[in-house]
Amino acid sequence: MNTSLNYAYYPGCSSTGTSIEYDMSSRAVCAALDIQLNDVPDWSCCGSTPAHTVDHTLSSALSARNLDQVASMGLDSCITPCPSCLANLKTAKHRMEDAGFRDKVNNLLDKPANTQVGTKSVLQILVEDYGVENIKKKVVKPLTGRAVGAYYGCILNRPAELMQFDDREHPMAMDNIMEALGATVVAFPLKVECCGASFGIPRKDLVMRLSGKLLDTAKGIGAMALVTACPLCQMNLDMRQAQVNNANDSHHDMPIFYFTQLMGLALGLTEKELGIDKLCVSPRTVLDAMASEQSVKERAA
Amino acid sequence: MKFQEELKKCISDVMPELDVVIGWCASFDPLHATPHFMRRKEDIDKLEISPLSVHNLATYLPGLRGKKVGIVVKGCDSRSVVELLQENLIDRKDVTIFGFPCTGVVDQSKIKKALGHTGNVESCEMSDTALVIKMDDKTQTLAMAEMLADKCSSCRYPDAVISDYFAGEKIGNKGEKDVDYAAVEAFEKLSVPERFGYWLKELDRCIRCYACRNACPLCVCRDHCAAESRDPHWLSQENNVRDKLMFQVIHAYHLAGRCTECGECQRACPVDIPVLMFKQKMNQEIREIFQYEAGVDPEATPPLLSFKMEEENITEKVW
Amino acid sequence: MGLVKYLKSADLTPWLEELAQENKVFAPRYEGDAVIFAPFDPKQEISIKHAATMPPKKTVFPQSEKLVDFTYSKDPEDLSRVMIEGKEVLPEGTAVVFGGRPCDVRGFTMFDRVYLAEKTTDVYYKARRDNTSFITLACEKPETTCFCHWVGSSPYDATGSDVLATPIEDGYVLESFSPKGQKLLTSKLLENGDRWISKGQEVNENAVESLTDAPDLSRAPQKLLDVFDNMNFWEKAAAKCLSCGACAYLCPSCYCFNITDETTGMKGTRFRSWDNCMSAQFTMEASGHNPRPTKAHRLKNRVGHKFSYYPGIHDGVISCCGCGRCIKSCPVGIDIREIVQEAINHEPAIG
Amino acid sequence: MPVLEGTELRIVGFLCNWCSYGGADTAGVGRFKQPTDLRIIRVPCSGRIDPLFIVKAMMNGADGVLVSGCHPRDCHYSEGNFYARRRLEIIEKFLPILGYEPERFAYTWVSASEGQRWQEVVTSFTDQIHKLGPAPKILGPQASDTLSVMEAAL
Amino acid sequence: MKIGVFVCHCGSNIEATVDTAAVAAAARQFPGVAFATDTMYTCSEPGQDEIVAAIKEHNLGGVVVASCTPRMHEQTFRRTVERAGLNRYLFEMANIREHVSWIGKDREANTNKSIDLVRMATEKLTHNRPLYSKKFDINKRVLVIGGGVAGIQAALDCADGGLEVVMVEKTSTIGGKMAKLDKTFPTVDCSSCILGPRMVDVAQHPNITLYAYSEIEEINGYVGNFEIKVKKKATYVDWDLCTGCGICMEKCPSKKATDFFNEGIGKTTAINIPFPQAIPKKAKIDPAFCTKLTKGKCGVCAKVCPSGCINYEMQDEFITEKVGAIVTATGFDLFDWSVYGEYGGGRYPDVITGLQYERMLSASGPTGGHIKRPSDGKEPKNIVFIQCVGSRDKSVGRPYCTGFCCMYTAKQAILTKDHLPESQSYVFYMDIRAIGKLYDEFTRRAMEEYDTKYIRGRVSMIYPKGDKLLVRGADTLMGSQVEVDADLVVLAVGAEAAAGASKLAEKLRISYDTYGFYMEGHPKLKPVETNTAGVYLAGACQGPKDIPSSVAQGSAAAAKVLGLFSKDQLESDPQVSIVDIKRCIGCGKCIKTCPYGAIKETELRGMVKADVIETICQGCGICTSTCPQGAVQLQHFTDNQILSEVNALCQF
């Protein structure tokens, strides 16, 4: 196992608010696996929604600046938990390869940006750099018992040419991790479906339909919880679950974890440091179920 | 040279089976040697091997095909013999090769430079370290190391790579040394117009005597050289630098993968044109691209007469 | 006895510059490591300490020269009717060659007998010969390869020269040997040379002193004919020959040439270019037959021509000027003196 | 009047009959616009191309030379382009010592079906040559004929 | 040499962007040109007559035509000058269409370039010499590679024409893809009923030698005299003895072997005969699954075989065949559709290919003609067909249209209704490509009489929902999203070049396109020829084809072969290398590099010399560029000819 994993860490705006538990758990898990994270000094918004919808140059300028910050740290790769940030940072790096575009962007910045650094998601480095096998070795409290489904969302690994991670239609990264943690993983067919996130404000009805379908399907295949890797997905499925239920008069009560939170638990971290209490739909029943399952095993042993 | 007597001995032993043995002997002045064709025992006494034995005698072999020929070779000369064997232009059974440990030969033009001229040399004493030359009532001492031909200072084959008889102690391959292309690399640093102009200036004085070609042991086309033919009609007979330069390129390209850098082309040039550089450049490329060196393996196939389906060291242009 | 003048070494360059105003002046200078005759350029140092690598042959007999420029034209009415129009290209302007040695310049007298014969005058050669004058440098000390005295010449032989310049300390004694020469000595830079004459003679005599004795070559023509069919003799002599053209092209008295046409589109030129009898092509016949198939045949011709055949038709004059370049510059050090002497001393095997 | 003064440079192409010449035809049939500088000499096989033709062309005043044959393994004569590849590579590396930029010569492989590719090759090679401008030329029989002009230019 | 120059307008093809008159005018000033003119259509009869007339009138010694590519009309014009009594090689072409007028509109530049090309051609022409071809005997046997319907057609036509035919088939039976089909469009007649008899004819025809389960190892020689090395792969069954009784199949205990003939629908035995009508009807062992060959145990087949033809020691065998011509009919393979993640990438058993579906429909297939879901064997009710899977899709590198999928999908929809009257078929399509006799009528029937629901749009995702597959796609006509609960999804998978097509092409020395389909000699005029004389194409190896076109091309190829063999001798191409004995120094470099071994060493007055065997030399010219003194010269492409072109272009 590679002991010297060391990355620049770009939290992204949502980690300071709606998805603070994702940020907490990511940091906690990395610490537990002694993966060193170095915060990007004076990081700013990546220029993702809404900037990139209205002005590519501006949005890339924001990302470019952050990448330049990373370069100035003397590190060659940067990781971020948030897929939108990831997508935008990668897009910027790609666009900056075009001389014309690069000039336009650099005009907006104080100094020409060095955008050579690569960006990966926390999920990607856990799977590719750290390795599922190694994660397995670190598990102290296996997540035995309950069935979870893995939901990746639509941007984590798409467009494939850009994101260069996992299968664009049938990703397995989180499934494999969950399996390594000892959970029973149910094959979730809508892994890469859209949750409606970007319509969250203008077309709520869409979100209700799309997220609703996700929850229905999850339930249909007997998942007791979903794990996600995206603040937006998580928000739609968790925070808006009640609204979804109202809209589709369904009665879902499905906890939506960040995969890092379940990892944390399996690695023996406390619920507090993983921000479990920040979830809207209470995961209590599921967690207790898992706990009891464990104790049963322990007694048996 | 102590091995010289040993060599004479062994030549006279084999001479009966041979039509002729080629070596060197004294020439028109104490500073020059000349090729020596030994047919009778008494000829052997004249044999002299020294730093003046500059000529690559392998050049004569193809012309003597069919005869039983003995040849005395320096390490570098022997590589030309290997090439000729490789291209079956001579028959191994008809050639008897006499090797000796070569400590290097002089570069006459360096001596000329050092002395201003060499028109009146009265005597020339040679040791491993120095040349003591008496001329114009003066005696001048030149450091041998500085007068040696460039090829000698970076020589990796002081002993014949192939021989039937070897006189004296082998010096042993100085494998650690590598060919030195510093001169070529330095030249390539010049600007485009500088390089272009350089050759025009140098070749302007070429008199098209083709000594460079005829002294070359591997210019085996000789009387049929493309340079003087009308079909193919590569060159005109006009005194123009274009054709002179073109000929040098023809020569260099036809030697690609064959040339052993014996330097005869440049040595033979009566007007001292540095034509060896063309061949050195070719060889440098051949070495880098094909890891091939001519004149060491009689069984090898030269790179331009063979190919690989995948060429490790050729990266093709992407458009 | 022509004009005698004295020139200070310091005034040499100015004098040549002066001459260069009306004439194309050629003087020896270093090109790379070789000393060759090049158009005089005050910015570049001339080199006259020793005989030049190349003789000034090309100043009268260029390495290649245009004989005729020709153009084709078509009858617009009938394109298949092609007219050809040739224009003879005669050399123009006068030239002065400074710094040749007696042997170099004497060489042209061998040319003259061939190219200036009144029935078969070579107009191109004649034009240049007439318009070129030679200021020749007497030799102070012959080199090991020198043998002008073998062939009836000497270190201060003025044959073929217009002015003979004998170097004395910090100056030259200049003596004219032709009207052309006299004209050259009218410069203000020159002072009367009478008081220097003796000094000059001294130098000339010393030069002759330092010569080794010359063998008698009077039997050479006959002896060479005697060994004409003795290929064994010639094969030995030619064994080390590479049959390149260095000897002939550096020879002040070799005058052979080749003629070729080069055409591009509707224009063309007929060239005359140096050729040499050492090359196999020299006698190659269209049939593919070559009467001089081997280098032995060819070397025999070169030696034979100079020391036997030419003298035979040109009242005994040997067409070699003894400059020794063929020896010095031969890549394999063939020594024509040896061959001639071997021929002379060759006794046909009895029976 | 070999080239259009000012607008064109002299670019010579040697193309094998079976693949690249066909590729150039395909480009034509597809009406793929190309610069007009290139003049194509058709040879049976890239293996027929004596690298000395390239040097000859350069010394006779070409500004660039482009060689194209069948893709390796696709040679109509099965081996021609393998030999060609080695020989052309050598000469490409050799040109600089003569005082020509290596970019003045390029060799590549274009199949009879690759009209598009041919268009790209011709276009980018022509651009490349125009970026370099005219190649150094030998202006007369004597070195001075050329050198004097070059010095004047400096 | 008096030269005539003819500059062609090619209607407006050239004239539009080249001032042909100006080109002709310029040509008049070129050396040797005695006559120059511009003509409307030089290749037309009047155009050619004009050339003949000019040659006679001006008694021309050579002709230059500036028009299209020589690859198009060089032959034409060579015949023309021959008619006028000139040697055919005293002719040159300047390509001012493909290389000039069609690639740019700048009239000045084009005209100027055309003049250059004409100058080049005339300069070369002045160095041309008359060349005369030699005649050589030919071997009137033909090799047919591939035993699909195209190959079968070509083989039978040749054989009926009296030629000896050698057929080499990769698999253990001929019949190809067509043999796997249940019915054929648009007539819906039984595939094996049409093909079966033709396969039998092949087996029984006295002129046909069939090597099944064999591959081409090596091809040497040239038109008229090819030498083929055939590899007979080990079947572990002596086919001379095997009667095809099939007892071995009944008794073979290892029943897990992949059933290639049935496209992996169901399994077969380790020793098997692909299908009842197989030709030859012989058993072969699949070594990967035979426990005798893998573990050394079993040997049941050997025990039960009545004719004792089992031989576990059998090795591959190599046979050499000599033929004069080759018909390549290697067909196509299905695109590997598993790259389509949105269709499940192979994870869902009930998503199958059209060809698998054919096997299901076929009465002799693994399900006995009953449509069953691979997953649970249930009869499907909703069947979704998705077209253009691996066709017209840049993203998977398959931008071309396979051409027959629309039709077989329609056919399968119709057959589905026949098999399961209760069923409902849906077809997701991009466009309907039904070009062909009765084709469009046929697809209409599928829609109208068999009420197949055609949805114009792509499918974005298939995912399991309970025991069904939810197929979600767009309906671009309605502008809405559609979802279908499917029981079975059939993918109309497109065709791609057969595996190993490029390898074979290298052996045949023919070229192939970006996708691996073989290149025809000319897209219009030489649809079955290749660039290599004596090698012809039939069927889908040249590009996806349906049965009628494949059969047509098979016959066309056969006609070409019969034409080629209508003479007893062929004329060798005189564009070969010859050695100038005077110049050759016998260094043997040319011998080393000749790819054909066409140069041998001879002796002349005790000297070694090279000598070219003219009928073997193929005219590549490697020797010429290898010989340092230029002693060996490729005729018509000599150093001087190429140099004259170089000099024409580069005059300092």
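Just a few scattered comments:
Here the chain labels run A, B, C, D and E in written order, and each chain numbers its own residues starting at 1.
Heads up, the rule we're going with is that contacts are C-beta pairs under 8 Å (C-beta built on N, C-alpha and C of every residue); 3 or more make two chains touch, one makes a residue touch a chain.
Fair warning: this is a prediction, and the values are worked out from it, not measured in the lab.
Shared contact partners of subunit B and subunit C, listed by label: E.
Listed here as common contacts of subunit A and subunit B: E.
In this view the innermost chain, defined by its CA centroid being closest to the centroid of all protein CA atoms, is D.
Ranked by separation of Cα centres from subunit A, the top chain is C. Subunit B and subunit E have Cα centroids separated by 55 Å. Distance from the subunit B centre to the subunit D centre is 35 Å, each centre being the mean of its Cα atoms.
Once the centre of each chain is set as its mean CA position, subunit C and subunit E turn out to be 72 Å apart. Contact with two or more other chains is made by residues 201, 204, 222, 234, 238-240, 242, 304 of subunit B. For subunit D, the set of residues touching two or more other chains reads 51, 56, 60, 73, 79, 83, 87, 138, 141.
With touch defined as above, residues shared between interfaces to two or more other chains in subunit E number as follows: 582, 593, 626, 639, 643, 647, 651-652.
This structure has the following touching chain pairs: A-E, B-C, B-D, B-E, C-E, D-E. Within the complex, the subunit E residues that touch subunit B are 582-583, 585, 587-589, 592-593, 606, 626, 628-631, 633, 638-640, 643, 652. Against subunit C, the residues of subunit E that register as touching in their complex are 2, 28-31, 33-36, 58, 582, 647, 651. Looking at the complex, you find that subunit B touches subunit D at residues 184, 187-188, 192-201, 203-204, 234, 238-242, 245-246, 249-250, 252-253, 256, 277-278, 281-282, 285-286, 289-290, 303-304, 307-309, 311, 314, 316-317, 319. Subunit A contributes residues 167-170, 189-190, 193, 217, 220 to its touches with subunit E in the complex.
Every residue of subunit D that touches subunit B in the complex is listed here, in rising order: 51-52, 55-56, 59-60, 72-73, 79, 82-83, 85-87, 89-91, 93-94, 96-101, 106-109, 117, 120-121, 124, 136, 138, 140-144, 146-147, 150, 154.
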